[in-house]
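Two complexes follow with chain A in common, the first pairing it with chain B and the second with chain C.
Then we have the complex of A and B:
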């Protein structure tokens, strides 16, 4: 795995000759990323007959281009209508949607596109250069550390997403309990399923996403004529290309922010199972912590939009590292890529980099070329995409309900999943109305099964001794950091109150 | 509380709505604990760990709300959850239509059910105005959805008479 400039230059030049394949994959990825239920993973599964028929290199380029652009596509509905296309974009609406409501939807999209493209591009280049070191990261994190990371994740998200920390934590831990529904991985005993066979295999994520974000939002917005404020509507009607140009300018002026938040995404992406959802929330939290104006986050603050978008695109190349280096996919899409490559007889691991470096480094070259092409193909579309926000809620709400509910049906093709999405819609609606953030519930649902799996693993190894969760030095450092992280806002508030009273 | 009393205490918060989700979470956690009573201990630990933290947080919230009610700065009415009241009938009707959509999509298929749901929901939300526009949008979107998802993406959406007829024709 040594750095060979000649190999990389040749690889990039060769990848550019696949423009005829990358461009359609970009547009397909944008569409499927933007529709909840049509993730890149599902689309690649649907298109498996086509990708399996291609040679490994061509198939891999197609899958990688679709994967990268779907990540960007997921941010579009998150910004425009408060509905993330995938869980990885769940932090995007925190500041993206308020910008849209102010009539700055076009600008927000442009900022999101620039952050995604440069964040993704940079993370890809860094991955290429730092592959040998990045691949070691996954070896340091065992089940105990992963338990702390999961609890860290849910606590961070809960404190970020909700204005009231206690409510945020309740939402997050309620989500974790929902995520525990189903048969456990060791004993296969059904728990909390209400007798539904469809829940034995855990709570499916797409109906949860559709219900908590899309259905609840559709029922919520009918109170207004449009999702935009009156001033926002006026601003949108006057908008020309200026919004896009201004968005690009603002995003480029925050280049340092893009760099370090995309690096957070890359590092988290390398850890198998952590994923874009955690990365985007961690990046958001870090961005707010180091900001000079933390009080502006959640009100349509540019840095609050850049952080999650750069980070979730930084994850994209990170998830490919464990796949190619140790054969462990970092996410669902990477797992499907593994299946395709294994079908062609390609064996993952260090040998791949010695025997077939073009194929090993090829996905990163394809990703970099995809991001490069997206700069010129997607950014100009922001002006037209943002027009959707002026559509009246009379038409918008029914469209959101019908199309996303059918999207909930697609992954497993159970009618039950549509009813489940409606139940999550009711939970999401109550949460929105009473200040329990839906993103915290969703992340709990995502992390619940992972947390339980790691818990079961360490308890099996320690023969049921719960104190095993404090048995690792690295894990203990993380526990302390978790306590400090939760206690600091309270301590700071008390200190400010005392200072104000004095 | 009457409107008159409410005007006397404009700063008083209604926190009853804030308890709806926690009560649901509490009942679900108890039900979950009940379903793991006979499970091997190792499989119980993580659920008890998370469930206990959740119940602790719920108690903290209940104490906080209780103190505010006792201090007279809050009451237990539904507040924002039940507002605006004028939208409750429309919202309930939309919910009933959504339930109907899910029930009928299995029999009528994607295209016809989407068309019927979109038309009825748009008419409901617009108060029966612009019928032509509602039917046109519903028709275009239902047909567009059929062409994009079923024909182009080959997605296995629920199939009904329309999809079967199209398959037979082409």
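Then we have the complex of A and C:
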């Protein structure tokens, strides 16, 4: 795994010759990413007969391009209509959708595209250069460390609760309670399933996601004429290319923010089993913690949009590292890529980098080229995509409900999941009407089961000794960092108050 | 001719013709058509799989049915119902599948039978049975190639000094039972950690969080560059060319465990379906047995990259019944360890 400039230059040049394959994969990925339930993993499974028929290099380039662009696609409905296409985009609407409501949808999309592209591109290049070190991360980030990472994400509940402490915490704990429904990971004992077999395997994420955000949004927008305020609608109707250009300019001016939040995504992506949802929540929470204007988060703040989008695109290259280095896929899409490579007799592991460096480094080159091509193909579409927000709610609400219910059905193909999405829709609607934050509920639903999994695992390993969570040196450093992160906003606020008083 | 017919078409003939067509249409979609002796199978066969798509069960099912469908002349339609270690899929099958031989189950017998030892299902266990075993993949203990352990004796010796963390896909699993039985027999302290599936178990071992793992051997043997198998819970080493220097647990430690076959995928069917339609079941069995000897099937199996020796070439009801009985018995013996009540 040594750095060879000649190999990399040749690899990039060769990957560019696959533009005819990458371009359709980009557009397909964008579409499937934008439709809730139709993830890259599902699509690659459907297209397996095609990818298996390709030679390994061509198949990999196609899958990688589709994977990267689907990640970006998931952010589009999250920003425009408050429907995250996947759990990885669940933190995107927190600030993306308020921007749309202010008539800045085009700008928000452009910011999201630039953050995604540069976040993803940077993470890919860093992965290529730092592969030997990154591949070691999974050997250090074990269950104890993962507990702390989860708590970084879950602490976002407290951040949201800062605006209305009691309601925020109630919503967060409600989400955590929902997240614990299902069979426990050790003894497979079902809890809180109300007798529904469909809940034994935990509350499915997509119905919860589309219910809390999309269905409740559909109920909500029907009360008005349009998603946008009157002023927002006027601004949108007058909008030319200025919104896109301004969005690109704003995003580029926040280059440092893109860099460090995409690095959070990369590091979390390298850990098998962790994923884009964790990365985007952790990045959002960190972004807010170190912001000079934390009070603006949730109101359509640019940095609140950049953080999750850069992070969830940083994850994409990270998930490929354990796949190629130790043969353990970092996520669902990487697992399917493994199936295709194994079908062609490719054996993963360190030897791959020596025996077949083109194939080992190829996915990263393909990812970098995909991101590069996306700058020119997707960014100009922001202007046209954002027009969807001026569609009347008479049409918009039924479209949202029907599309998202189909999306809720697709992953498991249970009718039950469609009903569940409606139930979550009602919960989301009531929560929003009464001032409870649906994002706090969703954080609990997504991160709660993961936290429980790691927590029960370390308890089983330590035979019930709770102090095991402080047993690792790296874990302890992370605990201190967590405490600092949680305390910093309050300390800074107190310092500012004192300064203002003086 | 046709013009003459339409010229003579009056209202009564039109209504009669329509009624006949409607009746034929209704009959074609109802069990009544089956009662008139229509050939079996006349429509696709649905298969309930109690795991996620993408694992060993779907791999074997797709390989087998890709050939079996040629003999039956219909397609197989797999539906995946993962959750609670397979319990969801079984409950679904036993709850909603019609007993007409058009709806089958496909699962991994060992781990799924152990489920019932740990927690009884809502249905009668005698209401279904297995047939058509696909593979015979023994449980084993493995380590990462980077591990300091090179022999199972070293793990046992270390287990007498400290707790050894063993990653397993789930508690109720033949490979888990093997690890627990070995620990109890040798006095080594083995702590099994369920990591929810083979992929995560391999990750736990590869990243060093677990000292070793216990899984079926096929998936590990395929990744021989990353892992080393140290002990096999069977009377013979099924793939000596792939698993070198691994000990047979019974022989090495003087134990008397039944073969702990961890990968034993087979079809299941409701007993009521066989009692109601024995002729249909006979067609299933007769055609199925032809698949085992079909060179096209061997070709498909080779593509899976799983060692060919792990796939069965034939099966018997007696063999399957004995396996289920043995696994159930040893599950009962170690029930305290599987339920955490020890």
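Operating definition for what follows: the second predicted complex is superposed on the first by the 457 of 502 C-alpha atoms of A that agree within 3 Å, B and C clash if a C-alpha of one lies under 4 Å from a C-alpha of the other, contacts with A are read in each partner's own complex, and residues count from 1 in each chain.
One rule holds in what follows: a residue touches a chain if its C-beta (ideal position, glycine included) is under 8 Å from a C-beta of that chain, and two chains touch if they have at least 3 such contacts.
Predicted, not measured: the structure shown is a model, and the values here were computed from it.
Enquirer: A:186 in the overlay: touching chain B, chain C, both, or neither? Say first, second, both or neither.
Expert: After superposition on chain A, A:186 lies in contact with both partners, chain B and chain C.
Enquirer: Between chain B (first) and chain C (second), which does A:253 come into contact with in this model arrangement: first, second, both, or neither?
Expert: A:253 sits against neither chain B nor chain C.
Enquirer: Looking at A:293 after the superposition, I want to know if it touches chain B, chain C, both of them or none. Which is it: first, second, both, neither?
Expert: Neither partner.
Enquirer: Now for A:460: first (chain B), second (chain C), both, or neither, which partner does it touch?
Expert: Touch partners of A:460: chain B and chain C.
Enquirer: First (chain B), second (chain C), both or neither: which does A:143 touch?
Expert: Touch partner of A:143: chain C, not chain B.
Enquirer: Give one of first, second, both or neither to describe whether A:488 is in contact with chain B, with chain C, with both, or with none.
Expert: Touch status of A:488: no partner.
Enquirer: I'd like to know which partner A:413 touches here: chain B for first, chain C for second, both or neither.
Expert: both
Enquirer: Could you tell me if A:336 is touching chain B, chain C, both of them or neither one (first, second, both, neither)?
Expert: second
Enquirer: Check whether chain B or chain C contacts more residues of chain A in the superposed model.
Expert: Counting residues of chain A touched by each partner, the higher count goes to B.
Enquirer: State whether A:398 touches chain B only (first), chain C only (second), both chains, or neither.
Expert: first
Enquirer: Show which residues of chain A both chain B and chain C reach, each in its own complex.
Expert: 186-187, 189-190, 413, 460
Enquirer: So in the complex, which bits of chain A are touching chain B?
Expert: Touching chain B from chain A are residues 38, 43, 46, 166-167, 169-171, 173-174, 176-178, 180-181, 184, 186-187, 189-193, 215, 219, 222-223, 393-395, 397-399, 401-403, 405-406, 409-410, 413, 415, 418-419, 422, 427, 430-431, 433-436, 448, 451-452, 455-456, 459-460, 464, 466.
Enquirer: Would you pull the chain A residues touching chain C in the complex into a rising list?
Expert: Against chain C, chain A makes touches at 45, 138-139, 142-143, 182-183, 185-190, 197-198, 200-201, 272-273, 322, 326-329, 335-336, 339, 342-343, 345, 347-349, 351, 413, 453, 457, 460-461, 463.
Enquirer: Under the touch definition given earlier, write down the residues of chain C that touch chain A in their complex.
Expert: Its residues touching chain A are 53-54, 79, 82-85, 87-88, 91-92, 115, 118-119, 163, 165, 170-172, 191, 193-196, 199-200, 202-203, 206-209, 222-223, 225-226, 303, 305, 339-340.
Enquirer: Can you check the complex and tell me which residues of chain B touch chain A?
Expert: 17-18, 20-22, 24-25, 28-29, 31-32, 35-36, 39-43, 45-47, 49-51, 53-54, 57-58, 60-61, 64, 79-81, 84, 87, 90-91, 94-95, 98-99, 101-102, 105-106, 110, 113-114, 117-118, 121-122, 125-126, 134, 137, 141, 145, 149, 153-158
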